[in-house]
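Below: one structure, written as structure tokens.
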Amino acid sequence: MTVLFLMTPNITVPTMTREHEFNISVFYEDTDMAGIVYYANYLRFIERARSDIARELGLDQGKMLKDGRVFAVVRVEADYLGPARLADSLVIRTTHHKLTRVRWQFNQKMYKQKRLIFKALVTVVSMTTTGRPVPLPPEIQTLN
Amino acid sequence: MTVLFLMTPNITVPTMTREHEFNISVFYEDTDMAGIVYYANYLRFIERARSDIARELGLDQGKMLKDGRVFAVVRVEADYLGPARLADSLVIRTTHHKLTRVRWQFNQKMYKQKRLIFKALVTVVSMTTTGRPVPLPPEIQTLN
Amino acid sequence: MTVLFLMTPNITVPTMTREHEFNISVFYEDTDMAGIVYYANYLRFIERARSDIARELGLDQGKMLKDGRVFAVVRVEADYLGPARLADSLVIRTTHHKLTRVRWQFNQKMYKQKRLIFKALVTVVSMTTTGRPVPLPPEIQTLN
Amino acid sequence: MTVLFLMTPNITVPTMTREHEFNISVFYEDTDMAGIVYYANYLRFIERARSDIARELGLDQGKMLKDGRVFAVVRVEADYLGPARLADSLVIRTTHHKLTRVRWQFNQKMYKQKRLIFKALVTVVSMTTTGRPVPLPPEIQTLN
């Protein structure tokens, strides 16, 4: 062990390999007349997972807002690969990393059983409520 | 008839008889897997009509909120009488009146062509964002 | 006590006393610019609880729909008693009973910690997707 | 200039240059606690514009669904460039083209006054409700 560390002195556990898991149940409200989850609602689902990550990191988004700070989504790339239907149990697996001093990026995949049905790359920016970018909170600065 | 008017020279058209009309188009987002508008979305629709009334009365709800004041819905009685479907053009007819010094009540009916498909009695309270009731804005105080 | 039971030998625990409990977490999607849960979203929340009850009773609403049958909400009486905010953990307590051969009624209360913040009386009708009332499924017929 | 036209006598104005315009008003339901439109709701807004395009082309999405066919969104690339707020009047400008025999692509831009606040590239696939791709309807096949 010691030898290993000597040989790779600057090794760190990469944040990207830690995966956050979040469960979603599909309800009537989420579906549309085509019988499947309405496309915009996938963004609601993955935001729940991101909020859970923020909470786990010790961030209180309500308090942040009172302090005049928010995470604003600035970019979403989403691929819809399969339908989700009423009563489906979905799992969202998210990895995330600090992209720049103000940008936080999430790689989010949604599974129905073992099948990948949706994936998205979401970038948020730490900003004031007036839209001025500010450094990410320390809780995220310390990530990878 | 003439006599009636002579006897009530200061008659005014009561506010209750003025009816506000608001048009809604149903989109995919509004429907659910049963092929009809999801029941909670009728409340979204009728709120649009109420907001339009507030705007017509000269109220700026964004500014109100900055001043720490909101209209909070405290009661809804809603009857669902017929389905609304994709691409339906709906008309919401609203009458409203000041119920008390802090309460504003709306009688809202939704029509699909001539057919009444939904009606609701909605009561809102003028309050601070901390939940303390405050008198309705002057624009509403002057309603009968 | 014993005497009481002797006098009412065929006593049964009435269905009404069984209470269904369902937990909700409030996410960003549920809030509005006033910082609290948007009023229509309470109806989304309580529908999740009703769907969970249906599921527990062995009903598959997806299959029902394929068979041309739905539960349609026909009336909601709702009282908003206090605000729900981001990250709140809410509990919905629901009792329900068969109102008529085609009507099913739910008494739903939402609590934030111990505080009642919302209550609703919701009536649904068992109907075909074309709107014709049909008897409630056997799973509900056998309720009280 | 004249020469150019002489040399390309059968020039036609390409479909891509025709721009569809759709107006949106922001209501309370669209906002979140940060005081701006919730990020998923931009997808609701731009879908209204696409549905309006389909309608203008003579497509009845309700009838399509009855015939077992839908337009399913398979990819969204979205950039959030500025906030939309309560009572904002937004304009969505959409150009679109047939991407392949089964794919239809939309370039959608949302403006607040003259300012571009959101843009998205959305790809939909013509498919059966069971998920099998089928050729786009003739109304779209004739687009360049």
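For reference, chains read A, B, C and D in written order, and residue numbers begin at 1 within each chain.
In the analysis below, contacts are C-beta pairs under 8 Å (C-beta built on N, C-alpha and C of every residue); 3 or more make two chains touch, one makes a residue touch a chain.
These numbers were taken from a predicted model, which means no experiment stands behind them.
Asker: Between chain pairs A-B and B-C, which one is joined by a greater number of C-beta pairs in contact?
Answerer: Spelling it out, more C-beta pairs touch across B-C than across the other pair.
Asker: Which chain has its C-alpha centroid farthest away from the centroid of chain D?
Answerer: Most remote chain from chain D, centroid-wise, comes out as C.
Asker: So how far apart, in whole Å, are chain A and chain C when each is placed at the average of its C-alpha atoms?
Answerer: 32
Asker: Could you state the distance in Å from the CA-based centre of chain A to that of chain B?
Answerer: Here the centre of chain B sits 38 Å away from the centre of chain A.
Asker: Centroid from C-alpha atoms only, then distance chain B to chain C, rounded to Å. What do you get?
Answerer: The answer is 26 Å.
Asker: Residues of chain A touching 2+ other chains?
Answerer: Only 28-29, 33-35, 40, 44, 47, 62, 65, 85-86 qualify.
Asker: Which stretch or stretches of chain B touch chain A in the complex?
Answerer: 28-29, 31-36, 38, 40, 85-86
Asker: Mind pulling up the chain D residues that touch chain A in the complex?
Answerer: Its residues touching chain A are 33-35, 39-41, 43-44, 47, 62, 65, 70, 72-83, 129, 131.
Asker: List the residues on chain C that touch chain A in their complex, please.
Answerer: 25, 27-29, 35, 44, 47-48, 51, 55, 60-62, 65, 85-87
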